[in-house]
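In order of appearance the chains are A, B and C, and numbering begins at 1 in each one.
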Amino acid sequence: MEFFVLNLLNGVAFGFILFLLACGLSLALGVMGILNLAHGALYMVGAYLGWTIAINQGLNFWLAVLVGAVAGGLLGLIMEWGFFRYLHGQLNEQVLLTFGFIYILTNLTQWIWGPIPKAPFTAPFLAGSFPLGSYTYPFSRIATIFIGMILAVALWWLLERTRAGAIIRAGMDDRKMSTGLGINVGLVSTAVFALGAFIAGAAGVLGARMFGVNLELGLNVLLYALIVVVIGGMGSIPGAILGSMVIGIVDSFIKGLNPDLGYFSMYLIMIIILLVKPTGLLGKRRI
Amino acid sequence: MEALRVEGLSKDFGGVRALQSVSFSVKAGEHLAIIGPNGAGKTTLFNLLGGQLSPTAGRVYLFGREITNMAAHSRVHLGIARSFQLTSLFLNLTVLENILLALQGTRSSRFQVFRSATAYEHLHTRAQELLDSIDLRGKEDDPVHALSYGEQRKLEIALSLASEPKLLLLDEPSSGLTTAESADITSMIRNLGADVTVILVAHDMDLVFGVAERIIVLHYGEIIAEGTGERISADPRVKEIYIGEEAEGSA
Amino acid sequence: MTLANLKNIRQSPREQWLRWAPYIAAGVVFVLVPLLVPTYINSLLTKILIFAIFAISLDIIMGYTGLPSLGHAAFFGVAGYTVSILLVLHGIENFWLIALLGILMAALAAAILGIIALRVSGIYFLLVTFALGMLLYSMALKWFWLTRGVQGLPMVSYPDLGLSWLTWNNTSFYYFVFVFFIVCFFLMYRLVNSPFGRALQGIRENEPRMHALGYNTWLYKYIAFIIAGLFAGVAGVLFPYYARIMTPYSVGVTISTLAMLICIIGGLGTLWGPLIGAVVIIVVEYLSSVYVPERWPLILGGLFAITVMFLRGGIAPYLLRLWKRVSYGSAKG
């Protein structure tokens, strides 16, 4: 029973970090048809910058989150404005370019911070744990769940209940028509992309306790984010939540039972979903 | 001899019933035209005949053989060919390459991995013949995207003729063409020979009356009239669709 | 080069010479140069040719058929591991035997993975091939009993051909690989100019139309996928002898994207593209390892970005346009 609750909580916390990561990826795909494989690298940069602020400089944790987020957002803006807006619909080129970004960002990070991973960290007031049966459970993970829920609700509210959100959803459904209606789709796209990148950067700091701060983050978290987007459906926020929870929980349980199997199961799930329902469980857009 | 028989063909798209229990047959060598307002289901019907879509209900028989759910490429080998309403060519390849691909489609040599494609003399000769028939000699090496719209439409039809089909489905062959170019198409269809069955979807009435021996009128997925050109023009229901709606609109 | 060109134009000796010039130039570089330069350069040239073969195999499905695959290193790795496992763990030394098995294993892997991957297309195909590639990578990493995991399988440096008169060194190994390259290049040349190859391009350009013209497009894609796996296997069986060790890295996404980059830089869907791309990438890699070893990923990433943003179509088409201008220019006198 304890095992079940523990892994469930872990899974949910993990899931929310994944959600933060995946929603940016999903929105970029859904709104602009851009596959940004460098999304995980944005997370990584956020984590490292957050470490510098929070640990290296000893400043406020939430400031670190902000800095990570802003860095992510800026990088996202550069990527979109300098590169992606010329590459609409060109899948091969997008893949190559974003892989290039992963290499560039990872190597630059290594140059600046060195090859040795930094210790996982979180806000000081969240550093402890509380007893849960015969285990202790970290506060930071509960906090992650809370923050994740708040952000998920905020994003949902933004997309479903605001005018800005309606514009974004219109752009996703029918780009040409939206332009015809006088909406500056280019601006909206850029804004959405930057928002996703902003959240990814923040996620890097928020997830630092769970995922750590190392150079493999770029690819590792990307894999998870891709699987989430595939399962949940491209361009769907509820899908991203569903996908993150499924992956987060399944992964936690499998790792709890047999750590080695974790790798395989993720890819197998991804392949099965791609073959059976490529648009994902809740996906709208068939690209 | 029956070239095509369609029985109770229906097609649903989600909640929309695009075709409703359509039944008709076409004799070998006959020229049939299918007309009707936009959205009547004409292209859907062609997609079902060509194999691009599978029907929700009903059957299709080609020369007596059932092909209802057969894959599109297999139907070509049984003698069906179609042209597309939205020009579907290989835009980045040359005109000659387009025709050669079309010619190769029903030849066994299409699986040849070692011999050079240029070694097939008879195909090249046949390609030149086809090019002559659509007046594009001299443009073999031009990329298709550089051709005018009218030339592309002609090439579109030439591609469907390449497999020497026994049943030819032409979807709006003259759409967007000038009167002169349409006349070219009309005479081309007339010259196809007695053993080629043609089913034509068109809005251009000159083409329809110039080519078709029989006309079927589709409206909201159902056949509402069938017969010769004269009978159709006189049919009050047909008039109502084409002219009646205009009168309503101006009211 | 169109078919009409090849058939109808009577060529002057000068034009003929221009047509053969690339082959002559490449021949000079790749046949004569290795005899004249220090042996470490031969090592570099060997690596270029191995990766050129690998890139050729990817070009078949990506460039000619239009199937973007992010998992192609899987076949490269399967072949390499077959050879390494048989040699290192089971002591089977005969190159011809283990290489043949390696290539067959790669083709088999392609036959299996192809059935899975070809159920979808476009971005989904990309993601499925990516996942399949990562699955194989995980296997190579975790199945210590088979692959010795991340530690890898250290190889003998030269193949056992059963020819006692042959002395192996960098140069003779280079020519050995060169022969394989020539064969692969020739086969690729025949393939892309054959009716089958033309059909692949038709599928890339407009698959529904090909379907409506009588081509069983799924079958074409599947066969192309297997052929590509086979060629990747050829590169894969040569690689362990060159690298002296077989590690999971060679099955991974880095190698897959490297091949993609080589194809795109050189020119997707061209005959010479893979070779040109391999030369560029591997030379740059070598130079960076000499001058700025820590920064190779940065440079590589930069190359990705520059290629994508500025080198549309790749180097080979650019050279081809240049060539055409030169040769037609001289025809007009």
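Of note:
Just so it is clear, a contact is a pair of C-beta atoms (placed from the backbone, for glycine too) under 8 Å apart; a residue touches a chain by one contact, two chains touch by 3 or more.
A quick note: this is a predicted structure, and the numbers were derived from the prediction, not measured.
Annotation of chain A and chain B: jointly contacted by C, touch as defined at the top.
Using CA-based centroids throughout, the chain positioned farthest away from chain B is A.
If you average the CA atoms of chain A and of chain B, the two centres end up 49 Å from each other. One inter-chain figure worth recording: chain B and chain C are separated by 42 Å, centre to centre, where each centre is the mean of the chain's CA atoms. Each chain gets one centre point, the mean of its Cα atoms, and the points for chain A and chain C are 34 Å apart.
Residue ranges of chain A in contact with chain C, taken from their complex: 35, 83, 86-87, 91-93, 95-97, 99-108, 110-111, 219, 223, 226, 230, 260, 263-264, 267-268, 270-271, 274-275, 278, 287. Those residues of chain C whose C-beta lies close enough to touch chain B in the complex are 2-7, 190-191, 193-199, 201-202, 205-206, 208-217, 227. In the complex of the two chains, the chain B residues touching chain C come out as 50-52, 71-74, 76-77, 81-82, 84, 88-94, 96-97, 100-102, 104-107, 109-118, 120, 124, 140-141, 159, 162-163.
Touching chain A in their complex are the following residues of chain C: 62, 68, 70, 116, 119-120, 122-124, 126-128, 130-132, 134-135, 138-139, 141-142, 253, 257, 260-261, 264, 268, 294-298, 300-305, 307-309.
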